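Order of writing sets the labels: A, B, C and D. Residues in every chain begin at 1.
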Amino acid sequence: MDANTMIDSLSTQFPDAIYDTKVESKIRIIAKVKPEIVTDVCKYLKENLSFGHLCCEFGVDYPGRNEIEVVYIIGSYDHSVVLTLKAILPRDNPEIESVVPVFWNANWYERETYELFGVKYLNHPDLKPLVLPEDMLGEWPLRKDYKGFPNKAAKNLV
Amino acid sequence: MELPEILFNPLVRGIIGICLMSAIFLGAMAAVWFERKLSADIQQRYGPMRTGPHGLLQLVADAIKLFTKEDIIPKNADRLLFVAAPIMMMGSVFLVLVAIPFGAIIINGNTYPIAATEMDISILYIEAVSAISIIGIFMVAYSSNNKYSLLGAFRNFARMIGYEVPLGISIVSVAIMAGSLNIVEIAQAQHPLWFVFKQPIGFIVFFIALMADMGRLPFDQNESEEELIAGWITEYTGMRFGLGFFAEYIHLILGSMLVVLLFLGGWNLPAVLTSNTILGIILPTVFFLLKVILVMLFIIMLRWAVPRFRIDQVVDISWKKLLPLALLNLGWVIALGLLGV
Amino acid sequence: MAVEQSDYEEVPGVILTDRNAISDFLKTTKAQDVLNWGRKNSLWFMVNAMGCCGVELLSTGMAHYDTDRFGIIPRNSPRHADVLIISGYVTKKYLPALKKIWDQMPSPKWVIAFGDCAISGGPFYESYSTRQNVDEIFPVDVFVPGCPPRCEALIQAFFELQKKIEAKQDRGTEY
Amino acid sequence: MDEKVGPSEMIVHLGPQHPMMPGPFRLNAKLRGETVVDSEVEMGWIHKGIEKILENKTYLQGITIVDRICYLAALTNEEAYVGCVEKLAGIEVPPRAQYIRVIMEELSRIQSHLLGMGEYASFVGFVSMFMYTIRDREDVMTLMDSVTGARVTHSFLRFGGVKDDLPEGFKDDVKRVFASLRKAVDSYEELYSSDEIYKSRTVGIGVLTAEVAKDIGVSGPPLRATGVAFDIRRDEPYLVYPDLDFKVCVQKAGDVYARVQVRLDEMRESMYIIEQCLDQIPDGPLFPEGTAYGRRTPVMRVPAGEVFHRVEDPRGEMGFYMISDGSDKPYRVKIRGPVYPTLQGLPPLIKGVKVADIVAIAGSMDTCTSEVDR
């Protein structure tokens, strides 16, 4: 199965939810997905197209468009096609369904995205900060308008 | 006064005891130095070099530093037990020490052991008091209120219970063969054939059980550094740590002595070599200590050449392998005795 | 005998410190030189690999560089250590743990700031997560620049520390 | 993890400072006796915010930062980062530079495996082994040092090429080091396979089946030890790997012993690859000719776009997702480290094992906390 048939199969299965599909090369495809049904899409990808390997999941902040993109990069152990799946959320209240039931290792990625971007994951088993101390929750340091960067506290700089 | 009479004078005994005590301290320092140099040699490095010639003064420096370190007693620790535990451990080591002969003087075919005391059941006594050190270890672990220490002490207990049994049985076999519970007589009975040749299985069982008893690798689960930081001694600082550390090395020396006394023929030499008075005074002790050092070096070397067992494997080995072997050896010894060999 | 010091700052959950009376007595006499000889030749350091410098720290203690030659050996328990080597980026989350390790070590104790991150924050000086100016928190005796410094630099740092101890100019002990 | 403690249970916090990891990391384990009932990993003790820093550095400055993601695989991190920029900007790397990159990355793999393996040996109480591997690692480090001028963090790769050519006599040095290293690797294997205590501590311990490993998202040696031949160098080739002859080292058992064995085999493969490279390496420029790319490309604007580029790290799949908006700084860089999912899979793996095996299993994953925390 090559990249084109995969993307066709995906868009025929979810005609309303999948849009802006693009085949970049033989091993890279991009698609956008409606955030409501991302779990179903992931389940379909995993079971029917053998996309069983969630490479990573992260957020991208676009303050100009007032959007936060949640990007899933899904690869596979069987073929070398990598799918970039994007879900676009509103910036002031980003909420999306968790994909932990499908991809077990999404757990930490989602926790990290939560504390760095403030994306709330619904039905996540254990949504709490992962890498930052508890009291930094709410600062969302990886958003573009974060005030605490660069940190000017260092005194030994030339 | 004749020489033998002097030896039985309590005052002289006391002086001998004190001399042996200081000797064992020096011996322990030498053991630590050996350990560091030998491990370095195995690991293809130099070991201590700068403090004194070939690092001979390294231990002095360490001792000075440890003596003058801050003495921390954790806030939630049981103060009394915390302070008493290292003393307890040292005490148990010294209790063993009094019964062990450090060599012998042979004059006119008569043997006079160099020991602080001479008792008829010394081997039983040694076996009994050496088990006290486990109480010291548990006091350390319980009082320091640290989970790593506690785990280490539990492991120590499990191991001790497992290994005292084969150790005891192999000692009993030796006692049966020698027909005595007196360690001096046991050593004497190995003339001309050492017990290691008469009961090789017993020797192996005894040696492994002794290694476990001393907590040397592969049996050092109680202080396995990678899991439990430093095991039972994690919370101890300065001199208290030094005492615990030293007690281990004294234990090592005493253990090596036991191996030599029970299986490797003690100080026995062909009668020709001890006929001369001066040779008789010097040679047996030198010969004995030489063997002790060899055994000690072997034990030290073994530590750096093997990985560590897991605690359940250790207990398994003791109950499933060593115990049957020890019993087999006991049967063998009894059979030999019945046959009159 | 050991005297309880109630005015000692309380560290959450851990220690109550006693003073060693013998060492207090010795401080006032010439014997201090002998003590310092012992101390400088037996610097046990805390294995506390925190970042890139951590690997160099590991290599230094091992066969090739062999700090054991100078009596410097790694210890895992802070209670047995004399030297804390801050070997990397101190983050806001890790700082309390590092402080705790420092408090658990018995004095006299010394700190070596190993690498640029420990000195000034290194390449991560502007990050939202790292803690700058670590030298204001710990009494650092020797700074080792480099990113990461070589193993030889760490050995040199130990020599500098030894010199400082010999000259009674270190910050780890009160003379 | 449930904080409630039942009878004869206790919670032990291993870390953040603990000898079992080269880096701060905390494992809260609930024990019943010596058996682990439940556990939880806490991360972030050395979170540096590299992703944010990269957004505020120019592309060239970024190379020094990505070096420090994982200090044991600095060159592969650079490869992933530089590869992203090269894909976005459409830069062709000249063959000689590609070969040099492969040589350096494989050397970096060897030193990383030597450290990981030796450290692992010390976790089961075999400290002397650690000393041996570090001794051999120093030779490899010296080789890398002679090319890049640094031991740990190299900053060696540049967009479109590499900073320096191989020094004179490098081939002879490699030959000399590899002769002794081959012997050393053989002796390690013999030591491992002949030591009964070592075997009893590793065979059948921490078994990871292929299904579970795929579910967790493991890659690299831990995955290959389960029988899945997943290797980015083979499945999604980059640089000159398609021209080179190497096999993907696979073991069936999936236990701790197999993981260490895979690393041993991979070191041999890496040595083989390097020797091929040194034989095949063509003469030529280090940077694409007729372009502005060189050792210094101070201000460089990269066309807008998005790219995901992944390489085979010593520990597994290292990927960078880079979004460029056409300026001189990346808009967003996401780093996908190989150890991140592996470490996440630790709690289910150590359920029901003894305390001593926690260390054995965690160590066999060869984790690098710095890279997980970024």
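Convention: contacts are C-beta pairs under 8 Å (C-beta built on N, C-alpha and C of every residue); 3 or more make two chains touch, one makes a residue touch a chain.
Keep in mind the model is a prediction, meaning the values are calculated, not measured.
Student: Check C-D against A-C and say which one is joined by more contacting C-beta pairs.
Tutor: C-D
Student: Suppose each chain is reduced to the average of its Cα coordinates; what separation in Å results between subunit C and subunit D?
Tutor: 30
Student: Measure off the straight-line distance from the CA centroid of subunit A to the CA centroid of subunit C, and report it in whole Å.
Tutor: Subunit A and subunit C have C-alpha centres separated by 43 Å.
Student: For subunit A versus subunit B, what separation do you get between their C-alpha means, in angstrom?
Tutor: The answer is 63 Å.
Student: As a quick test, compute the distance in whole Å between the mean CA positions of subunit A and subunit D.
Tutor: Averaging C-alpha atoms per chain gives centres 24 Å apart.
Student: For subunit B, what residues touch not just one other chain but two or more?
Tutor: 43-45, 225, 229 - these are the residues of subunit B that touch more than one other chain.
Student: Two or more other chains in contact with one residue: find those residues in subunit C.
Tutor: Those would be 63-64, 76, 93, 126-130.
Student: Note the residues in subunit D that touch 2 or more other chains, in rising order.
Tutor: In subunit D, 19, 44, 47, 49, 52, 56, 131-132, 135 touch at least two other chains.
Student: Which chains are in touch, pair by pair?
Tutor: All touching pairs, sorted by chain label, are A-C, A-D, B-C, B-D, C-D.
Student: Can you tell me which positions in subunit C touch subunit D when the two form their complex?
Tutor: For subunit C paired with subunit D, touching residues are 46-52, 54-56, 58-59, 62-64, 76, 78, 88-89, 91, 93-94, 97-98, 101, 123-124, 126-130, 147-148, 150.
Student: In the complex formed with subunit C, which residues of subunit D make contact?
Tutor: 16-17, 19, 22-24, 44-50, 52-53, 56, 64-65, 68, 71-72, 115, 119, 130-132, 134-135, 137-138, 151-153, 370
Student: Quick check on the complex: what are the subunit B residues that touch subunit D?
Tutor: Result: residues 39, 42-45, 147-148, 151, 154-155, 217-218, 220-221, 224-229, 304-313 of subunit B touch subunit D.
Student: Considering the complex alone, what residue numbers of subunit D touch subunit A?
Tutor: So the residues of subunit D touching subunit A come out as 43-44, 47, 49, 51-52, 56, 214-217, 228, 230, 235-236, 306, 308, 310, 317, 319, 321, 323, 331-332, 334, 336, 340-341, 344-345, 373.
Student: Across the complex, what residues on subunit B touch subunit C?
Tutor: Residue list for subunit B touching subunit C: 36, 40, 43-51, 55, 57-58, 60-75, 225, 229-230, 233-238, 241.
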